[in-house]
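Here it is, the structure in full.
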Amino acid sequence: MPYINIKVTNEGVTPEQKAELVAGATNLVQQVLDKDPSTIFVIIDEVDTDNWGIAGRLVTERRKAYG
Amino acid sequence: MPYINIKVTNEGVTPEQKAELVAGATNLVQQVLDKDPSTIFVIIDEVDTDNWGIAGRLVTERRKAYG
Amino acid sequence: MPYINIKVTNEGVTPEQKAELVAGATNLVQQVLDKDPSTIFVIIDEVDTDNWGIAGRLVTERRKAYG
Amino acid sequence: MPYINIKVTNEGVTPEQKAELVAGATNLVQQVLDKDPSTIFVIIDEVDTDNWGIAGRLVTERRKAYG
Amino acid sequence: MPYINIKVTNEGVTPEQKAELVAGATNLVQQVLDKDPSTIFVIIDEVDTDNWGIAGRLVTERRKAYG
Amino acid sequence: MPYINIKVTNEGVTPEQKAELVAGATNLVQQVLDKDPSTIFVIIDEVDTDNWGIAGRLVTERRKAYG
């Protein structure tokens, strides 16, 4: 029954990477907590760099500053 | 003041269905908990089938496998 | 596969009311979106009135002011 | 390490406004809780007015009714 | 109608600090986005240091390591 | 910068298991997306079985029915 939410910036995550995240997170929770994998949900949120801030600045601006 | 979040896969939910979800969820919380409906919020998140996993696989892949 | 999260203030919600919320929300999503109920999740978060603000004030303070 | 999530309707929030929200929220948590700003995250979710309900109705409908 | 969620570690946040966070976050969104403050919600989640990880380790362990 | 939230029922998850979840989730995102682990956050929410429903029933009731 576990529910896992992964938020990352929207910078070209491929369907293959998403499939790896889902498989890996499901396997992790199954292994550590002995949960039935058939009821494990994973939702991936891809967040625009204009909508994510860290240390007081948008990621968009940080990318420009640090390359 | 209650807040309700409904996450579903992004597969053609119509504005009419969204209106029904909002009305129904608001009514449910109002009835069960005797809350003022004017302060009940509902947010619906439509999640791409490439971003939702269950049982270790993306919903996109499950749809292909099970039709 | 839908996921529903209901946040309410922590003011004596009974297990019977929680069961009604879960049954009602599950039924709503099943009816409106024609989803298999066996994969519908509901999580209820009970939030302390010291941790919920509206209109710039804690609910705890609003309760004192308005009774 | 704090994490702040701001959900608003998707009605033309500019990058400048997003930058102000991120700077302001980061500064607020830093000032009130004396946290290191370098580890403060802010995520802004812009929600379609068809996906946000209040008082039992979609915001889209409320906008039409109240102008 | 904005909704703001602030997650911090559960390390002695006082009701006065919570009131400042609620007032400050409400004021910020009101100023930047010109929103009616009466419909702005803030929820503060206090998370145990055993339930928050950063850089692969629980905050509880980091606190022991770095003092 | 990724943020991972894991919700599980509150049924005796140990600090060791929590540390494994944090380490494993951080490692997964680092491996799959090539992210700097120092900015990966994990928050674990333990949800009471009275507050989690599946298939229209509280987990508490399901546990009684299915043992």
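A, B, C, D, E and F label the chains in the order they appear, each numbered from 1.
The rule is simple: contacts are C-beta pairs under 8 Å (C-beta built on N, C-alpha and C of every residue); 3 or more make two chains touch, one makes a residue touch a chain.
Computed from a predicted structure; not experimentally measured.
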item	value
Required steps from subunit A to subunit E (each step between touching chains, minimum)	2
Chain whose Cα centroid lies at the greatest distance from that of subunit C	A
Which of D-E and E-F has more C-beta pairs touching across its chains	D-E
Whole-Å gap between the CA centroids of subunit C and subunit F	20
Chain centre separation (subunit B, subunit E; CA means) in Å	26
Residues of subunit B engaged with two or more neighbouring chains	1, 3, 7, 21, 25, 39, 41, 43, 52, 54
Overall pattern in which the protein chains touch one another (line/ring/star/complete/other)	other
Touching pairs - complete list by chain label	A-B, A-C, A-D, A-F, B-C, B-D, B-E, C-E, C-F, D-E, D-F, E-F
Of all residues in subunit B, those that touch subunit E in their complex	1, 3, 41, 43
List of subunit B residues in touch with subunit D within their complex	15, 18-19, 21-23, 25-27, 37-46
Complex contact set, residues of subunit E against subunit F	7, 47, 50-58, 60-61
Contact set on subunit D toward subunit E in their complex	1-9, 13, 17, 20-21, 24-25, 28-29, 31-33, 35, 39, 52, 54, 59
